[in-house]
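Chain naming follows the written order as A, B, C and D, and within any one chain the residues start at number 1.
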Amino acid sequence: MKYSLNFLNQWIVCAEQQFKAHLAELNALDAAIGDGDHGSNLARGFTKVVEKLQADKPATPAALLKLVGMTLISSVGGASGPLYGTFFLEAAKVAGDQLQLDDAGLALCLQAGLAGIQRLGKAEPGDKTMVDALSPAVSVLNKQVGLEMAAQKAREGRDATIPMIAHKGRASYLGERAIGHADPGATSASLLFDCLAKP
Amino acid sequence: MKQLVNAPGQVVTEALQGMALAYPDLIRVHDNPHYIVRADAPKNGKVALVSGGGSGHEPMHGGFVGLGMLDAACPGAVFTSPTPDQIQEASAAVHGGKGVLHIVKNYTGDVLNFQMAAELLQSDGVEVRAVIMDDDVAVKDSLYTAGRRGVGATVLAEKICGGAAEAGASLNEVAALCSSVNASARSMGLALGPCTNPETGQASFTLGENEIEFGIGIHGEPGRQRIPLQPADTLTEMLMLPILEDLPFKKRDEVLLFVNGLGATPLVEQYIVYRAAEMVATKHGLKVSRRLVGSYMTSLDMAGISITLLRLDETMRQYWDAPVRTPALRWGL
Amino acid sequence: MKQLVNAPGQVVTEALQGMALAYPDLIRVHDNPHYIVRADAPKNGKVALVSGGGSGHEPMHGGFVGLGMLDAACPGAVFTSPTPDQIQEASAAVHGGKGVLHIVKNYTGDVLNFQMAAELLQSDGVEVRAVIMDDDVAVKDSLYTAGRRGVGATVLAEKICGGAAEAGASLNEVAALCSSVNASARSMGLALGPCTNPETGQASFTLGENEIEFGIGIHGEPGRQRIPLQPADTLTEMLMLPILEDLPFKKRDEVLLFVNGLGATPLVEQYIVYRAAEMVATKHGLKVSRRLVGSYMTSLDMAGISITLLRLDETMRQYWDAPVRTPALRWGL
Amino acid sequence: MKYSLNFLNQWIVCAEQQFKAHLAELNALDAAIGDGDHGSNLARGFTKVVEKLQADKPATPAALLKLVGMTLISSVGGASGPLYGTFFLEAAKVAGDQLQLDDAGLALCLQAGLAGIQRLGKAEPGDKTMVDALSPAVSVLNKQVGLEMAAQKAREGRDATIPMIAHKGRASYLGERAIGHADPGATSASLLFDCLAKP
């Protein structure tokens, strides 16, 4: 499959809608093990992103991804702003000047994005963060089994965070009290992959 | 939960406009991005001190902008760290040619955003140092956590480093002093009730009739454990002992004792806790020589208290006593 | 309701002990009867300023004891005026040979107890004058009420008269200035929720989900009426208009605008209200030249706000700006 | 009837017990139209009074009444402290150096006490204050119809405050909102007369 500028655009618009639709749920997940703002943070950031996309109309996948990353960084704040921002910025670097991405190209972009998140946040799988959803999803993308499978892996990764103790972010203060709650970042990451599969 | 606001999305913007109106002689407020600078910024030839973090902790940090304390503060959305460009612009606006010190509370969001801002500033040729504050003994400091949170010691570090910067200390000296304040301070807090984020309208947690959160964070994050309410003296001792043991504070140490209300705690209760805390400190053989009591680092309308103990050396004491002229802390001027 | 106290009967005593420990350089606290005097009292050759009232309004009045403000404060039980012998002893302790001014908020209890104290002092040969503060426009000032309550203007009068006394004004002059501040100031407040008296453990009233008390008193007395919660700007205007009309304040009047948190109101909300209040004042043609925002006259843990507007003349402005060094208000020193 | 030192002593001890027994009720009445402390105020004051009586053992009715008045003034605060304090101080003045009071003497004492309250507080009957209970009770005492009748009148006076608008004290701020609540001071005054009738 080929991923056009239009496809990427739809992906981001879908993400904005999903984060708004799940705003209260993401806040509630974050209230349980963090500070209750993850949904508000992403809704604020992606609203800004969609405004910018409509105003700037980037001409290449790289420009689009960069614009998403820069806007998230400058409008989200919190932990998730720099992390998701870096995800898109690093993806943009790999996209180069291609006018559309193929399966391998998309996989490489998102892999670079994930690597950026991990470089910045130092989280490993199992730390109960967004990495737990992103990492298995990006892994299967490399195997070219399709976006729906990647989304499926992200959801599984999200669910796998429920029994975990957190080692990164605010939830790490809680020790055993974090057990039993899905990580908000892993939940938003799985929504992002849901949109990639059905933008 | 009832609040005096107009629109949830306007809370921070309108509060900042109110601050600008209320303190025209002390501060200037910048909109889009939000930051607060001292009225006479930039001060050429002085190290610039910049801090920031989520809103909802007022007067921290904006109330500490002014002579002898911060040059700029960057308020994020409620409980959400500011963004890199906000921090970059604020830092650039107050840079006086001697470099910028970022005083950052240890939360993943704050650390990452300040780090990105520092990279942007450095690529513009501005010398930046960051000190990460992590004084909260409620959190285990281990490889398996994000590390201890920055809480009350931040207020003390901002005052003391502000004094040093005003006196002409270099960036390296101010940064070293800030690290030393952080290394010499320990804090812990408890909440009697939750806070309500005006941007979401949600209470941060629910407690039973008689339950308190012990080891609370300043963003309504759940604490170490839930325990039953007990007399103020008992609770104060329960906060003081882990603080004392952690550094550890030793007999004859000279200390600054800071009792901080978390927002909705009446001064009467703060004084009762202060009394108990100084009694514990004295019993422990410490010499309490400087004191601060009040709601300086809050969590919106949370009822509760935190205690910070700082081991003073002569430099710290001198810069603590130095004049300060900000909306929330003022003496000598 | 959870509170950080030890025993209900010990609240005031222990809070005062805490204050004494927290501010050893500024104040001295006397036990049995309770009163607070500035550390360097009595100041010979200076008119002594004494105020007092029920506890639970902290920092008023004890937090206003010190150079440039009160010489002594007499805290009663929570929300209960002090007793005559308490006021008498405090006044005698700070009398510097130039007479004593009692600044009394207009509540039957305060008025009667201060009146009895004045009689006792006069029979001991101490010259005493009392000024009754009654700035609350929420209450009808008629022969059929106890008259208007003394609220926010008290803080301003204590500061301004303290400045005058420090500058050597006579008892007559300070008393006249105090009356003039009272005559030039108007206030009104509202509560979003009740307060809980730590001595009784009872909430002062119960409000519906979405209801506020408009025209609240500072003791949890019911206000003028209950109305639904509205946006901060609307509520601020509803407080400002009766204040403006009452004096009345006129175009080009120079004013001090004081937005006061009632205890549990976060600074963010106070700033939002301050913004709206200054906008209303400016629209009305007033020149806001001095400002105060903060929780200076509280009702324990009550959520709410009051607004005070004072028409300034040159004398008042000068003494407002004069140095002050107390636990709660400090500048210039 | 003759009213001995012992009788007066029992009266005050009874009052202390009644105010403690009705502490919450008096606070609740005061919360409805005032600041909720009337019960606490009187309980604090009369506790001190009984302590003092036991320590000082005054030798005459005048000394006893004076001690009660002084102690209330120095330990109650609020509006009721000076008012009830004055009541007892003025009564003491009239008691002179008698070793016991007769009916007429008691009536004169309490009448002087009431006059003191009215001089100080400027309240008239109908203002919804303690005067509404005290005034009818003191009036019938003059007619020597017995203490139970006086107590009965005090209770009626208390009940008569329920429909009133207040013109004095904190309740006067309330205007029509004070209607429907008995005045706390009138309630405590009727307790005081109950004790006089059955100490």
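We take it that a contact is a pair of C-beta atoms (placed from the backbone, for glycine too) under 8 Å apart; a residue touches a chain by one contact, two chains touch by 3 or more.
Here is each chain with its UniProt name: A, D = Dihydroxyacetone kinase subunit L; B, C = Dihydroxyacetone kinase subunit DhaK.
A quick note: this is a predicted structure, and the numbers were derived from the prediction, not measured.
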| item | value |
| --- | --- |
| Maximum centroid distance from chain C, chain identifier (CA atoms) | A |
| Centre distance in Å when chain A and chain D are each reduced to the mean of their C-alpha atoms | 74 |
| Separation of mean Cα positions, chain B and chain A [Å, integer] | 31 |
| Geometric centre distance via CA averages, chain C-chain A, whole Å | 54 |
| Two or more partner chains touched - positions in chain C | none |
| Chains touching one another, given as label pairs in label order | A-B, B-C, C-D |
| Chain D - residues contacting chain C, complex | 27-28, 31, 33-37, 40-41, 44, 73-83, 120-121, 165, 167-170, 172-175, 177 |
| Residues on chain B engaged by chain C in the complex (per definition of touch) | 2-7, 11-12, 14-19, 21-23, 55-56, 58-59, 63, 192-193, 198, 210, 212, 229, 231-233, 235, 259, 263-276, 278, 288, 291, 293, 295, 298, 300-301, 303, 305, 325, 330-333 |
| Parts of chain B lying in touch with chain A, wherever the complex brings them together | 33, 54, 76-86, 107-109, 112-113, 115-116, 138-140, 143-146, 149, 197, 199-200, 202, 204-205, 217, 219-222 |
